[in-house]
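Lettered A, B and C in written order, each chain numbered from 1.
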Amino acid sequence: MIQEYTAQLIRDYDALSGRMLQILDEYGVVKEPELMPALSDAEWLELYKTMVLTRAADDKALQLQRQGRMLTYAPNTGQEAAQVGPAAAMAKNDWLVPAFRELGAWLYRGVPLKTVYLYWYGNEYGSHFPEGVRVLPIAVPIGTQLHHAVGVAMASKIKGENDVTVAYIGDGGTSTGDFNEALNFAGVFNAPVVFIVQNNQYAISVPRTKQTIAKTIAQKAVAAGIPGMVVDGNDLFAMYAAVKEAIERARSGGGPTLIEAYTYRLGAHTTSDDPTKYREDSEVEAWKPRDPLGRMKAYLISKGLWSEEQDLALYEEYGAYALEVFRQVEAEGEPRVEDLFKYTYKEMPAHVREQYEEYLQYLEGKVD
Amino acid sequence: MLEFRFPDIGEGITEGVILKWFVEVGQEVKEGDSLFLVETDKVNAEIPSPANGTILARFGEVGDTINVGDVVVQIGEAGAKAPRPQAEPVAEDNAAVVGALETSDHVLATSSEHEAAAQEPPRRKALATPVARRMAKELGVDINTLVGSGPGGRVMKEDILKAANGQKRPAPQASQAETAAPASPIQPPAPAPAGAQTSGGEERVALTTLGKTVARNMALSKREIPHAAVMDEIDVTELVNFRREAKVWAEREGVKLTYMPFIIKAAALVLQELPIFNASFSAETEEIVLKKYYNLGIAVDTPEGLLVPVIKNADQKGLLRLAREVQSLAEKARERTLSLQEIQGGTFTLTNYGAVGALSGVPVIKHPEAAILGIGAITKRPVVGEDDQIAIRHILPVTLSFDHRFIDGGSAGRFMRKLRAYLEQPVLLLLS
Amino acid sequence: MALMNLITAINHTLDLALAQDERVVVFGEDVGVEGGVFRATVGLQKKYGEERVFDTPLAESAIVGTAVGMALNGLRPVAEIQFSGFVYPAFNQIISHVARMRNRTRGQRYLPMVIRMPHGGGIKALEHHSESLDTFFGHIPGLKVVVPSTPYDAKGLLLSAIRDDDPVIFLEPSKLYRAFRQEVPEEDYTIPIGKAKVVKPGSDLTVVSWGAYLHEALKAAELLQAEGIDAEVIDLRTISPLDRETILESVKKTGRFAVVHEAAKSFGPGAELVALVNEGAFLYLEAPPLRLAGFDITIPLPRGEHHYFMDAQRMAAGLRQVANF
């Protein structure tokens, strides 16, 4: 039995409908004008610039890794709209719960690029965000973060606040028990959470069709009794619109939603992965024209709001900025020895303090 | 000057072919500028410059194969000299998805799993508890030379003590002569011959194990206990006369009767009347621990150092018995046959430096006791009597060192008064 | 004979096992098509087909639980967990079933399965990629736990593990995967599980270690040798069951004992070894047994990890204490 949802998008693009929401096609042409979210041209341009920053910072990180200066890095290439769109639809006090591949969302929600780079550089301060930035740290064990998201959402409700939580996971993560448990919990407790699955078609080497034989990932929402929807993950307008509607539904007490952002991982899983071992170059080439940046650029140029020259200049400018930020990270990236010991507990227990002091002595060359 | 090596670009490549150079020697480059295009089995990749600077040297021509780790470019200051780069070992397929694996060609020794390991004949090792091992160490005994009398051949404390007492003293060096044979309880110690070194105007003499213990204990006592002392001169003429008679009786019993048993007896009596001198001080709990038993130690000087055998329950023993014990303990001390029992548990100590002719001294309290009684030589002296007449009397100088943390001069004075009373009138020792 | 590194040795061993016994199956995330994120299973799917070597969805509990089912029904599964830090969802299956099936059914049903995973740190990776779970697994009755430190040992131990009718946790030190090569015979041979190895005989001090640290301990022993301290270094190889005989024989000879391990000190594997030594060789001890172990802190990220993981110098400094007690 298909649930009845009152909001337009979820009604028309419900998971079992077999349809995927797309507003802006890959050529930069608006196919569904009535579904265009009500943002101004200037606001869309800002969002596009954020996507360019994401791309530039990402590319620079890859370059730096090739130079041996950055450690293993997980690129976001091709997924910028699925990250920036939802972030823009969030209110100031809404919570963001990431997996590990959401650079555009982190940057938009106020995590400094320097902090992001510190994380991949291998320093714990990369998970220490500025005051008031409601973003949880990256969760390496896949899927575990969804429970946190549901808990954050439930707490908002219990406290009588109307903040909404937006949680990310990949297509690989949807095979975990945690994914199923979290959706179920969210449904039972009517938690104000929006789950976004970045279906980029790959979990390292395992293609989406081997991850599950379900026709869509969105339909897994049906099992949990919550609304689900497939959205073109490379379409900034659609991602914004769908997530905005889901957030408002959650905020007004309508409960959780699952949004499948259908996108593609243009880069490798991480810089140490070689995708040519498990996928064809032709497949990658076929997805390049559907790049989220490409179609937004085309749209903005067609409306006279942007130009190729400006685009190139902006990309270069952001690239230089990213490099400058990284230089700072390199200069400050070594942790203090005390920090390694100080944060395991609130108060350093006696046995840990002993080990710390003994180690300091060792460093100073005073060996027993 | 920076040597830039062809990096592992993480796509499983180990080598590539240079397709195109984008830079010339002498050219200025910025960080991120493409240096060259490399072709691999998988992809063609543009390799970016890691730094700003001038290209000092380029290694490899178009069409050459380069390996990951090879130096391809040197970047530095314009005009700098470019030395030959070092060769690097080939890096292998370094797939890891996360992290950086150390990749090396280093070859380990072939496993010797199925070869029998060379068997060393095992060294003889003694079985012993940590406590026993520590004791052996402190007494200077090599525990591995002992045969254990305990269960399973375990070396027991008794075995160690026996060995310690029976150990030969190290042979003296030619130039050092031993002083007088053990006749009196105190001898000046001979310098320890083992380990003596001579150089220039100095000679280094190593301490024996016992010597080390003594040094440590003396320092501890003086460090922990604030010493104060009172001195007195006791007219022991009556005692001298008494002893002269008693000596004959004692000899018939085979006992040598010195003044020590009398002084011990007197001290034991005084301690019962002034228990604060038969105590120790606990600094942590700030308590005085009064001992209800009277184990009086007698300091004995041996060639290796000071030993203090203890007479247990001296208050319960008669003079003859005390005399016997003093004699036997002194002998055992000199022969190093004392048992642990015989040197433990002391509550008060007496030290007789009068035996070597010293008149007065300021003895060091045996930590953690409360006081020590120093006994000087008895000499004949002219003394002013009660009727202002001068008489020749036997005078015994004594010194009482005491722990001034909890014993004051008044108490010390009282101790002396009581001691004097007993020693001036020895018949009181019999009556008590 | 061929020169192999640890990864190649494992790959070669799995190949051998798949060829010899058709009941053997190999699976896990990215294991089939890609050949494993470290290339441990490269080429195997092509050779033995998708039914015997395959990729699974991302679900560790399912991977181990499914292996249990396969083992119950006559197969000998070799399951891969991608990193030891990802095994936690599978703990329920491991503790509740893998370790208990034989006992539960009084021997009627048992699980001849192997769970392989990269183990230990020092590879400059993200959180959860540096875990040492020796104690966690060693403490569970019913499991065997093995940690090879060389390519030669890895092959012998893995073949033993696959042929063992008890479940074996096979911990592969990721730091060593490509760190060196060694001559590995191409024919069949096994190394018994539960047997430690004296890799450097000595007379003054017994040093027990395993995994990546074993090699640092050997370097530390070299430093000590130059100072006149002759250490005997033992590669534990099997965490559970412990080779008590080899360890005690050594301590009775040297009278001094130290264990060096990556895992945190408190409640770590070293505690078990020290207890063993105290119980079995108390009267032979000339110094208190020493644990050189990780700090009781969360393992630092790459920029701080060199403080946590010990090098030969730091090990030697600690070992000197025992030698000179």
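Note that a contact is a pair of C-beta atoms (placed from the backbone, for glycine too) under 8 Å apart; a residue touches a chain by one contact, two chains touch by 3 or more.
Computed from a prediction, not measured in an experiment: that's the story for all the values here.
Student: Of the other chains, whose C-alpha centre is the longest way from the centre of chain B?
Tutor: Farthest from chain B by mean C-alpha position: A.
Student: Identify the chain whose mean C-alpha position lies nearest to the mean of all protein C-alpha atoms shown.
Tutor: It is chain C that sits nearest the middle.
Student: So what's the Cα centroid distance for chain B and chain C, whole Å?
Tutor: 43
Student: What whole-number Å value describes the gap between the mean CA coordinates of chain A and chain B?
Tutor: Here chain A and chain B have centroids separated by 65 Å.
Student: How big is the gap, in whole Å, between where the Cα atoms of chain A centre and where those of chain C centre?
Tutor: It comes to 36 Å between the two C-alpha centres.
Student: Residue numbers in chain C touching 2 or more other chains?
Tutor: 30, 37, 124-126, 129
Student: Any chance you could list the residues of chain A touching two or more other chains?
Tutor: 71-72, 204, 273, 277 - these are the residues of chain A that touch more than one other chain.
Student: Find every residue in chain B that makes contact with two or more other chains and list them.
Tutor: As it turns out, chain B has residues touching two or more other chains at 94-100.
Student: Given the complex with chain A, which residues does chain C contribute to the contact?
Tutor: Interface residues on the chain C side: 29-30, 33-35, 37, 55-59, 61-62, 85-86, 88-89, 124-129, 265-266, 295-298, 300-305, 307-308, 314, 317, 320-321.
Student: Sort out for me which residues of chain A touch chain C in the complex.
Tutor: Residues of chain A touching chain C: 71-72, 121-124, 126, 140-143, 172-173, 175-178, 203-206, 210-212, 273, 277-278, 333-335, 337, 339-341, 343-344, 349, 351-352, 355-356, 359, 362, 367-368.
Student: Going by the contact rule at the top, pick out the chain C residues touching chain B in the complex.
Tutor: Interface residues on chain C, with respect to chain B: 3, 5, 30, 37-39, 83, 123-126, 129, 150-153, 156, 174-175, 177-183, 191, 197-198, 201, 203, 252-253, 255, 282-286.
Student: Within their complex, state which residues of chain B touch chain A.
Tutor: So the residues of chain B touching chain A come out as 7, 9-12, 31-32, 42-43, 47-48, 50, 94-100.
Student: So in the complex, which bits of chain A are touching chain B?
Tutor: Listed in rising order, the residues of chain A that touch chain B are 60, 63, 65-69, 71-72, 204, 268-274, 276-277, 319, 323.
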